[in-house]
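Input: one structure, supplied below.
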Amino acid sequence: MSNMLLNVNGIEVIYNHVILVLKGVSLQVPEGKVVALLGGNGAGKTTTLRAVSNLLAGERGEVTKGSIELRGERIEALSTSDMVERGVVQVMEGRHCFAHLTIEENLLTGAYTRRDGKAAVAQTLEKVYTYFPRLKTRRTSQAAYTSGGEQQMCAIGRALMCNPKMVLLDEPSMGLAPQIVEEVFEIVKDLNTKERVTFLLAEQNTNIALKYADYGYILENGRIVMDGEARALRENEDVKEFYLGMGGGDRKSFKDVKSYKRRKRWLA
Amino acid sequence: MGFFLETLFGGLMAGMLYSLIALGFVLIFKASGVFNFAQGAMVLFAALAMARFAEWVPQWTGIDSKIAANLIAFCLAMACMVVVAWVIERFVLGKLVNQEGITLLMATLGITYFLDGFGQTVFGSDIYKIDVGMPKDPIFLFEKTFEGGVLIGQEDLIAAGIAAALVVVLALFFQKTATGRALRAVADDHQAAQSIGIPLNRIWVIVWSVAGFAALVAGIIWGSKLGVQFSLSQVALKALPVVILGGLTSVPGAIIGGLLIGVGEKLSEVYIGPLLGGGIEIWFAYVLALGFLLVRPQGLFGEKIIDRV
Amino acid sequence: MLYRENGQFKTSYAADQQIFPILQDRVVIGLLLAVAFVAVPALASEYAFRAILIPFLILSLAAIGLNILVGYCGQISLGTGAFMAIGAYGAYNFLVRIDGMPLLLAVVLGGVCATVVGVVFGVPSLRIKGLYLAVATLAAQFFTDWAFLRIKWFTNDSASGSVSVSGLSLLGWQIDTPVEKYLFCLGFVCVCALLAKNLVRSHIGRAWMAMRDMDVAAAVIGIRPIHAKLSAFAVSSFFVGMAGALWGFVHLGSWEPAAFSIDRSFQLLFMVIIGGLGSIMGSFFGAAFIVLLPIFLNQVPAMLGIPINTALASHLEAMIFGALIVFFLIVEPHGLARLWSTAKEKLRLWPFPH
Amino acid sequence: QAKEQFFPVLVYRTGAYAPNGVPWANGYVDYLKLINAKGGVNGVKISYEECETGYATDRGVECYERLKGKGATVFQPLSTGITFALTEKAPADKIPLITAGYGRSESADGNVFKWNFPLLGTYWVAADVLLQHIAKKEGGWDKLKGKKIALVYHDSPFGKEPIPLVTERSKMHGFDLQLLPVTAPGVEQKATWLQVRQSRPDYVLLWGWGVMNSTALKEAQATGYPRDKMYGVWWAGAEPDVKDVADGAKGYNAVTMQHGAEPNAAVVKEILAQIHGKGQGTGPKEEVGSVLYMRGLLSAMLAVEGMRRAQENYGKGKVITGEQMRWGLENLALDQKKLDALGFAGVMRPVSTSCKDHMGSSWARVHTWDGAKWNFTSDWYQADESLLKPMVKAAADKYAAEKKLERRAAADCGA
Amino acid sequence: MGDRKIGDVILDVQNISLRFGGVKALTDISFNVREHEIRSIIGPNGAGKSSMLNCINGVYVPQEGQITFRGQTFSHMNSRQVAEMGVARTFQNLALFKGMSVIDNIMTGRNLKMKTNLFQQAIRWGAAEREESAHREFVEHIIDFLEIQAHRKTPVGRLPYGLQKRVDLGRALAMEPQVLLLDEPMAGMNVEEKQDMCRFILDVNDEFGTTIVLIEHDMGVVMDISDRVVVLDYGKKIGDGAPDEVRANEDVIRAYLGTSH
């Protein structure tokens, strides 16, 4: 367990003092791995990530039970910026670009915590632009006036600007064109192999997530209901049916959904 | 003509003084998206601190050089403002991250009450004097050209100069540095700013301290004009039209807005006022600002208001 | 599980659309009304009527009005005092200039005056938004302050600009004693609150809220901004104006523009925000809080038997007042009404923690 | 249990007007303490409670309601706004209001304003005395013809009170009147003083309160208007108004409400000895005898004397009611001898009221700031009764008509 | 399935160009939509898909071109008019009314159809009450249809993303639109949820005959359910036709699909 980077231990999260969302979630993220957090709408993926990066307070949520450790250090009491200083950065769901800042300014603010000089920052900026050429063409326009997908790229790029050790990616594929989704995951792989950046990603696109992840957790209703090596999960029949849309082995046409209707859920 | 010039100058200088207060609003709004109604109370608090320390320092230490006493008092007052900034961050804003603008605005009204009460408890509620040696008597220009010359208050002139200098320095600082960018980011989206590691608490303490500094300078200038007393906090109301006219997010806007409002209200009071029975300048300033806003809803230099689906 | 709605099934949409769909709520409200109309008049002291209950009721009405504008339609206004003043002076002019003008009608007409002016001052809201609009509404505040001081006609040529009314009567019922005044206000406020509640849960109310939450989307589903915003200004100023008339007529008896100064505007905004934006009930909570708190704080030293001087006491009062406001905003930025509903949610689960 | 008469004390020790409100309140309370130290009024001690109004009408009303319940028999609102509001309430509660030197000018007419007592003078008195003084300086009323007088006033009912009288006088004597309102609280007066500089009036009457006064003086200095041509109302003629202007206000004049700063009055010495001497002073010692302090003192004295007078009629040593208090105030007969005995020799002139005349005296004089203190610079003037009386009556009649009030019957004045 | 009849052109977009300063969001775009069909718009990020919808319902005003709707031609649309003509839409970046409950959000969709005046609503007696109940009934059907009964009274801000998308759809449906514009309704959903969403869309299209314009990045969905597809790239139209044609189009493969699809 020495290379465990993040260790979440039976946490409970409550919003607004009454809404219990996470009911004892435990998961581990080993250093240098890509871990996927899967689950339906409202399962609590975002909440889990917020708990790790300490962004719950702004949503009036709090961790009421359990512990979260980063390299063995308890981090519940830290602030988000402390987490970033320790190399953990989150890409928030729903983009959250700085509306009035241009794309480039958005990216540069991402490097706020860096102390390694302008040149190094400029280098990273170039790297981000090579990852997302689209951003380079839109660099001078205010983030609010870029398309949804461009904003998503901006948000991801911004997080990469701080040279993180660990990235919490919340629905990176949302609103991105298919080949960009592919590229984003290539970037994940690239950073993971070349710079040993660890990823914890919450993703609805199970297919692609399991393709790139090493390990997966499936979250339902605030509980982990299944976990395992990504490969194993991909082969699991239930996962296939409910998350990959391949009940019985092959892909069903969306056109035919009308003729059948089933609700999944392991837990009622 | 001479009188017109006089009024014009008077307006410009009054406007500069409004800018000084408007600046406090703009700084804080830019850096946190908070519309700080407590700016007036901060001006009063700072002025009270300055006036009282200037009085107490000689008593405590036996220094009797006025300059030294004023200098020490200034430093002590500034220290007070930093403490205020820290307290506000720690106990108010820090706990209201990611809340709506109107909630934050109300919180600053709460701060206003607190500061008013606290300031008067600690420093007293009488009239106090700030004497930094500003000359009070008028000077006359163009005495050859116009009968009676054109009168200018020396005190106003100096005050306007200081105000202008301060505004320029702060404008440069906030426009040209990386910190400035981070501040604008915070104002846009608290949570996203947090998520990329901008330490909101530290930033806020700094910005509120700077706003406290602006309040202190404004307090000294206004205080030496008006005497330091509770009503000083009311001058903030005069700075509000300046803030929206110039744009909530623009430091240069605070200057231009101030000058426009200052000139506009003085000319209107002097030339239109008598026709309507006088006393129109306060609402005229607002109507003037409103007129500009109808053309540019974000103020003259403010950032465009974004509404997009 | 005291507070449970299990087993309360609605069999019609009308039943589900009631103001208080849950039985327990209806019972509580019924009791509350009974207390307000029967028990309070019998028990409360004159001081309570004049210094607490009447101001509370009138300010609640004003807060309801402001809440429609700020809480429901999202247009922050710092000029509420102005609309109260317009209501008060409008009603006053109707009362003194037209012989035999009934009190009730004068108050309503005062509200109508405020409505008209409110719509005029609402026009900029079509273009100016948010805090810019908030500050711009101060124009209304300062302008009316000025107009009522300066234009003699409004004050019926009273030399000093202060006006007064007396001998209020409603359909032959003389409203003299505090109890009568209280009952008059109570009746008035109850009716208005009901009307306001009906409006906000009808389609006009939804149009307001849609405007507040996302105006572009609202336009796309066919809500006209002009209509929604101006109607909010109109309805809001109507209530605020009537509250102003009551404040002048019933509470003060004699007033000057300073009675409706900018401080009043802020006070009302406090009520709305502390009480809860977008909640009629919250307006009552907020008004109660803001009316009672200073009075309470003011009397604490005396109650504790600590002799502190008036100045210190009132400075402390201001400090505690400010601190409490901040405290409440931190505890629940959505106001007392939200706190109340959270409490109900907890009760619903009780005795289980979640 | 000892008998006690309850005195409510409405004050403002905070907010914009605190610098002026505080000395008044201290004087008021110190005098009540002095009375108690001397054994009360015929053995009836005075109990009192302060209530902070902050100069705000609604809080004033709240104070009134609260303290009324504790057995108050006389109120002094110390704010024109609160006076207006209480004028409507007092008759129903049968509690007299003393508004010494403020409030509505027409309330001097006791036949209509049955419960108001603008003792020692109204704003019309103040304005008339100032104009008389100016006329005298110029060498007679006829010399005012063609002269220009500006009235710089606080834009509120308080500031507007003198306008009818000044207008009347300007019509009578043919001087120009320029009206210059200053928006409350009066922190920004540049435009006003530019106008003054432009029109160069011969005299400026200053009807200000609080920060407006010192600001006006500073602006006058900045625009070079001679301070010795400026005449303030008695609320613009105290130490807080000139303190921080100091030399800049040298030569500035103000009418007095009879008294000025009175460091040498017997009653002041008594208070210093008996109250401050025992460490029971309400405010700082230096303030005792200052203008506003004296005004508070005087106001308290008038209330206490009203009570004493009532006791003379209804039974010495008794706690009196509001109605009895009114009788006392309506039958005040403070002649010189009584004043001397009370320690007010030289501070004020005799006062005598009747049920028709609730003012009791219409004398005043002028004092001038010399850069460090106020000095008397004129003789006593009496406001012109022949001018004031009809104005008061007309205004009071209008009020009565509006309110459908009956003038008081002569019989009602008897007991 | 086959009984769905595709009708005449209902919406015709002609030569639309839209610029923001220097950015050309749309250049000379023309395409049409037939009654009852499902018409998809696809293209890489920033291609101008959302902008196209914004032009159709009057949020943006194109510099050039016109739009014909049911035979009426407009050079620019006015949001209110568009809504009255029966066009509803959902938004890419959720544009729900955050402070309102699910039911109220959907009820706003009925606003256009509610006729009682302010006074009737204030008194809420007779007509107003009846109207409210009638529309409520309609909305309840939508809620049932979208299977969000359990969340009826929840403030939408508290719902997870996927359900918010559903509410957004519900609000549009409440307008009983003839044309429904959907901007990435399935973003952020997993396969199963996408299936649900597809079912809703197909049902609406089938049962009410609603014409649907769909923007979506999931090629599986687009290819499976749409009748015709328009492809935009950098504001230009690079393809238009049946799914299979588009899939085979070289330009489209290069610009958008990539080789893997």
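Each chain gets a letter, A, B, C, D and E, in the order it is written, and its residues are counted from 1.
In this text, contacts are C-beta pairs under 8 Å (C-beta built on N, C-alpha and C of every residue); 3 or more make two chains touch, one makes a residue touch a chain.
All of these numbers come straight from a predicted model, not from anything done at the bench.
Any chain that touches chain A and also touches chain C is listed here: B, E. Path length between chain A and chain D in the chain contact graph, taken as the least number of steps between touching chains: 2. Here C-E and B-C are compared, and the pair linked by more C-beta contacts is B-C. The most central chain, judged by the distance from its Cα centroid to the centroid of all protein Cα atoms shown, is C.
Between chain B and chain E the centroid-to-centroid distance comes to 49 Å (mean Cα coordinates, whole Å).
Mean C-alpha positions place chain B and chain D at a centre distance of 37 Å.
Centroid to centroid, with C-alpha atoms defining each point, chain A and chain B lie 44 Å apart. Looking at chain A, one finds that residues 145 touch two or more other chains.
Among the residues of chain E, those touching two or more other chains are numbered 59, 91-93, 95.
Shared interface positions of chain C, i.e. residues touching 2 or more other chains, are given as 146, 149-150, 214, 216-217, 220, 311, 314-315, 317-318. By the touch rule above, chain A contacts chain C in their complex via residues 14, 16-18, 20. Looking at the complex, you find that chain B touches chain D at residues 3, 6-7, 10-11, 14, 117, 120, 125-129, 136-138, 151, 153, 155-156, 225-232, 234-235, 238, 265-266, 269-270, 273-274, 277-279, 281-282. In the complex of the two chains, the chain C residues touching chain E come out as 12-14, 16-17, 195, 198-199, 202-207, 209-210, 212-214, 216-224, 231, 235, 278. Interface of chain B with chain A (complex): residues 97-98, 178, 181-182, 184-185, 187-201, 249, 303-304, 306, 308. Of all residues in chain A, only 53, 55, 57-59, 79-81, 83-85, 89-92, 96-101, 105-106, 108-110, 112-113, 142, 144-145, 158-159, 161-162 touch chain B in the complex they form.
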